[in-house]
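Dropping the structure in here first, questions after.
A, B, C and D label the chains in the order they appear, each numbered from 1.
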Amino acid sequence: MTLLSCTDITLDLGGRRILEGVSLDVSKAEVVGLAGPNGAGKTSLFEVLSGRQLNHGGDVVLNGTSIRKLPMRKRVELGLVRSYQRPIVPAALTVGETLKAARKAYKPFPARLTVEWAAEFVRMRTPLDAPTASLETLERRKLMLACLLLRDPQIVLLDEPASGLTGSEIDEIDLVVRKLSQEYGVAVLLIEHRLELLAMVASKVLVLDVGHIIAEGPPETVFTSPEVRAAYFDVPINADLEGNLVIS
Amino acid sequence: MSILKLTGISAGYGPMRVLHDLDLTVEPGERLGLVGLNGHGKTTLLSTIVGLTGWQDGSIIFEGKEIGGRRTHGVGRKTPGIVRSGIALAPQGDAIFPGLSVKDNLDSGAYTSASWRSRKRRRDSVITVFPPLGKLLKQSAGTLSGGERRMVSVGRALMSDSKLYLVDEPSLGLAPKISMGLVAALCEIDIGEGAMIIAEQNLPLLEGRVDRMLGMHAGEIKLDVGEALGDVPPSAGGMH
Amino acid sequence: MSKTSENPQTKHLVGRRAWRPAWPARPDRVLHRRRYFGTKRSVLKLSGQFNPKTLKREVVLTDKKPMFWLFGLFLLVAIPTAVGSERFLSLFGIICIYASINVMWTLIMGTAGLQSFATLATVGVGSYGAAYLSITFGLPWPLMLLVGLVLGIAMGFLISLPARRLDGLYYALLTLGLSEFCRNFVTQNEALGGKFNGALFGSARIVPSDMMTTRLGQTLAFLTTFIVLLVALAVFRWMNGGRIGLLLKTAATSKEDEAFASAIGIDWQRARMIVFMVASGVLGALGAFYSTYIGGTSLQIFSLDLLLLMLAMIVIGGLGRAEGAVIGTVIVVGITQWFTDWGPWRIVLAGALALLSVLYTRNGLFGLKEQMREIRTRRQALHRAAQTTKYAEFLPQQAPDIHDKSIIAGRTFERELREKLRGWITPEIIEEHRRSPLGQHSDHLERILNYFRKGPLPDKYAVYTEVPFQSYRVVALSGMPGVPPRIVDDKTYGSLDEAYHAVFMRRINDLKAS
Amino acid sequence: MIELIISAAVLASMYGLVAIGISFTWASIGMLNLAQGFIFTAGGYAAYLYAQTLTNMGITEGPVMSIGLLVSGMAGSAVAGLFVGSIAFLPLQDRANFRTRGLIATLAISLIGTQLWLIFFGPQSKPLPPIFGTGRIEIGSGGVSYSQLGAIVIATLMLTAVIMWMRSSRAGLQMRAMMMNPLGAAVVGVSVRVTGMRVLAISGALTGLASVMLAQTFFVSPTSGVQPLTVGLIISLAGGLGSIPGTVIAAAIVGLAEALTARYLAQSLVPFVLFGIVVLILVFRPRGLGGLLEDVRE
């Protein structure tokens, strides 16, 4: 059954049309991949879905009720959480305090054990009194994920969770994504540049280009479709900078 | 005489030491690729040359003049002087001027009197390198897309009368096809007797296009790049 | 979980051991925590430890702050009561009132992070409102305090309206103008003493005016101001140290922090408003208290100079800390009220102090210790960073954090080993392995294989048989029990030897890239 | 009617000078200069000292006096601006929390400065000799005094010159570049410190001009900088910090409002009206009339 769906999302920022008529559905425990060149509007779509950007056209529905007007924190309470592309953590706190703040963000507070579970789930390996400012990218991402997961979300929006990481670090994050959907039944909407990863974990992939969905479906069919290949790979050197298709 | 000679360069930010006693010589007319993974000191090396690191030590000789030395604070205080002596930098994250038009952005790169007087000609030559900018001259730089911003940033560096061009991560954050176009354009520019250093994480982008390729690992320069990184599958470092 | 744990790496550095008072534990008594009434907070942060020198158990006080607070507050109340002169009592009374206002201001600027300069305006509204009602309707002093509280909250509500829409700086300037606005309002208004330059006297007092001529009355009046300061400090602790304070700290410093806070579901705007309302209410009540203390109020409360002086107090002490607000007040009020015969020079001195602390300290007097420590660690780290090259096998960011030398030695060894092995990787070796992945090998290849074998589990690859003798895949082990291996790529291999060789090539690549 | 317009224009041009100084400083070096009141008085006192010297030499009017007054006022304020810069800008410029610390430092300077003027010049107001003579031009029913006309003309000329210079010259481009992105400016060879001091001197000079011309009617006293500072802040707020067109429009609105209120309501209501106007503007445009720059900066 459909968990999160959005229909006909349009978004204008600073006089530019960022998204136009974007619709998507995510079912329970499903991993949906979102790919597309830079500036295609992937992150903007996340801003709309998560409620950070409320001035948009179209509707967002979670569990059958419209959350079109709800601010971000209300959506978090309903079980829709997101991460950011930049590895942000509060600058003035320690790791332990950050987790405590996440636990006490709103009532009812989850048990302390849940926090420990979440920290273990993402395999955090940092002392609790370490200031968050000194953390590296991987640990920052893990801390963010732990804070999101201790509230038992139904759907997680991950914005390039592996950006800025290398080799084995990426594997750790990938592992979290897989475990989330396969073992805990959490739906994941994933922005990702590595198509080979999407091919393995996602059951459905959407490719955005200049605010439009240009392809949608199972990864095998999407990645072999000519439009996607044109947008992503087979490009003449003097490509149009806007990311428009230049099929010569 | 070499155009740039670094000896015993160490640099870092606060307690972090990012560069470890590295030496590097750049000859006139050379196009140099600097490859390595994230966090191994490529950006710091370029920042050190123009004095934008937290602290630094070691000698940097640019055209026979010492611009380095020991410095522990005052980030960027010497940068304008160094830049004016003939080093142009297109930094990571662009650092363009969002409220100015593209034309003004480019013009601001012409900071020596000679290049300021000939700014029209220089602007035209930048546009021949990056044709899409021609249509956008009047537009405010804040409304540009990522690829266009990067072009403005690199184009601004090209506007100056510099001997040494430093380009930091031309592909970062750009879709593969856009970064390919950008790097190709960079590698076609005629640098004459000057030199250019391109720092890049994505090795295949530079392969075969630059005169010399240096690998950076953990703050040291490893010369044998082909061997160290050549077999990494292209997708691993390609899309950050 | 939420308690901070000791970081083993930062403990027991030679010469850097923090001085902590310790006394022997009573073995006959189990150490139990005393708690503040009605809260889960313990009175003193005590922890048990074993002293290896004396071979005894000790109780250690980990946080000395409460002791300093107690001592400082005791001095604040004891000195004027003991001296007992009228000048001393009134000086310390003013110190207590200003300190309470500054503590609340700190709550607004530090905890809530709102750059509001309307503090004195709120105090003044409370003060004028209470004094006016008391003079006109004969309100007794407890009701005056209540009126002040209500007026303060109302004022806080009004001021907070633009806070959501305006940027920090615009908001600061707007509120800065508010005092000027209030001052004008009072001078225009006959009922509020506009004719007498805003002086409005004759309201009810806590200590009746006939008692104020006696030493007992003066002492009593001073003690009431001290109690007010205690109340303000308690409110500060309640707001800043509690849940709301933590939530606000999460969203404190930047837009990114705010993004993080909303991502984990914190309603920081509401928390900010709560703190602001509470602080405004207390400020209004403080204004009313001021009226009951001096029996009226005057225009001086709205003056820009007083606002600047109060800002100087906060800045000298250190923004964002209650102790900074109190000490700064003691210093500045001490200078300006005690050396009255210096004329304008005393204001110059206070201003110069504020200027110096802005120029040379990061966060006032109470930030000094931290600043010194930071300078020292930075020097040490710079020194170390500039001298050694041993750390080159780490990502440069990690090196200074590693205190255990054996880790560094171990990694150095690993690096040298890897470098040596890397030098042995030749096409011949690879060809040799391709020919026979198993069995007897040359010395170099055997050593390389041995290095691969002794590696930890999580980095290892394995061969997965899809169809026996037909199709094999390379998988990577997770290294965790219960977590299945994952498939690394979509290639399949026709024979086991090919698959073995593929694994070997992957590891060779890993070795080369390391 | 004419008189109303003229007095509005005088007020607008005077306040505009101060406000543009504040706005300009904020936008280019990120420091809100609350010592602008101190700089304002410095110009007034410099002109006063000049007038004193000339009077002692026996010259009481004429071009030497008039031009000298203007120049000495501008020079005095520019020097004061440099002084503020060397205390509050240069040492703090690349430290953490520069914005807050700069704001507090300038506040402290204005606190000290007022007291110092009080110590050295005493609390009495000092008059300045007339710059533009004392005549009037009669137009229809109303008339314009020379000093009003002179103030408008000189302020307009000065503002236009500065704006033109900002728009077209290379130094102007550098300053605008620094407003947008200090790192980028450093990369293209703009020294933040040198340019910052230049900006402070220029905005100081503009303030000094306003100071001398306002001193024609209001005299010079230790606290005479407070009113222009407050109104200047209000205008730069309403105009959107950093936006020159926005500031000019806001100055016009505020000047007109002040003239209208003073004429048809009461002089004492002026602060209320001004405050109301700025609140109204900020409610509908939280970043002021021309606060586009800030949007772009993010």
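We take it that contacts are C-beta pairs under 8 Å (C-beta built on N, C-alpha and C of every residue); 3 or more make two chains touch, one makes a residue touch a chain.
The structure displayed is predicted, hence computed values, not measured ones.
Of all the chains shown, the one with its CA centroid nearest the global CA centroid is C. Between the chain pairs B-D and A-C, more C-beta pairs are in contact across A-C.
Mean C-alpha positions place chain B and chain C at a centre distance of 39 Å. Centre-to-centre, using mean CA coordinates, chain A is 31 Å away from chain C. Inter-chain centre distance (chain A to chain D, centres taken as mean C-alpha positions): 50 Å. Counting only residues that touch two or more partner chains, chain B has 142.
In chain A, the residues touching two or more other chains are 14, 167, 196. Touching two or more other chains at once is no residue of chain D. Within the complex formed with chain D, the residues of chain C that make contact are 162, 165-167, 169-170, 172-174, 176-177, 180-181, 184-185, 187-188, 255, 304-305, 308-309, 311-312, 315, 319, 343-345, 347-348, 350-352, 354-355, 358-359, 362. By the touch rule above, chain B contacts chain D in their complex via residues 50, 52, 74-77, 79-81, 83-84, 89, 91, 94-100, 104, 107-109, 111-112, 116, 140, 142, 156, 160. Every residue of chain A that touches chain C in the complex is listed here, in rising order: 50, 52, 71-73, 76-77, 81-84, 86, 88-94, 96-106, 112, 115-116, 127-130, 134, 136, 144, 147-148, 151, 167-168, 171, 174-175, 178-179, 196, 199-200. Considering their complex, residues 94, 170, 173-174, 176-177, 179-181, 183-193, 292-293, 296-297 of chain D touch chain B. Listed in rising order, the residues of chain C touching chain A in the complex are 1-9, 243, 246-247, 249-254, 256-257, 259-267, 395, 397-398, 401, 458-459, 476, 478, 483, 486-487, 489-490, 513.
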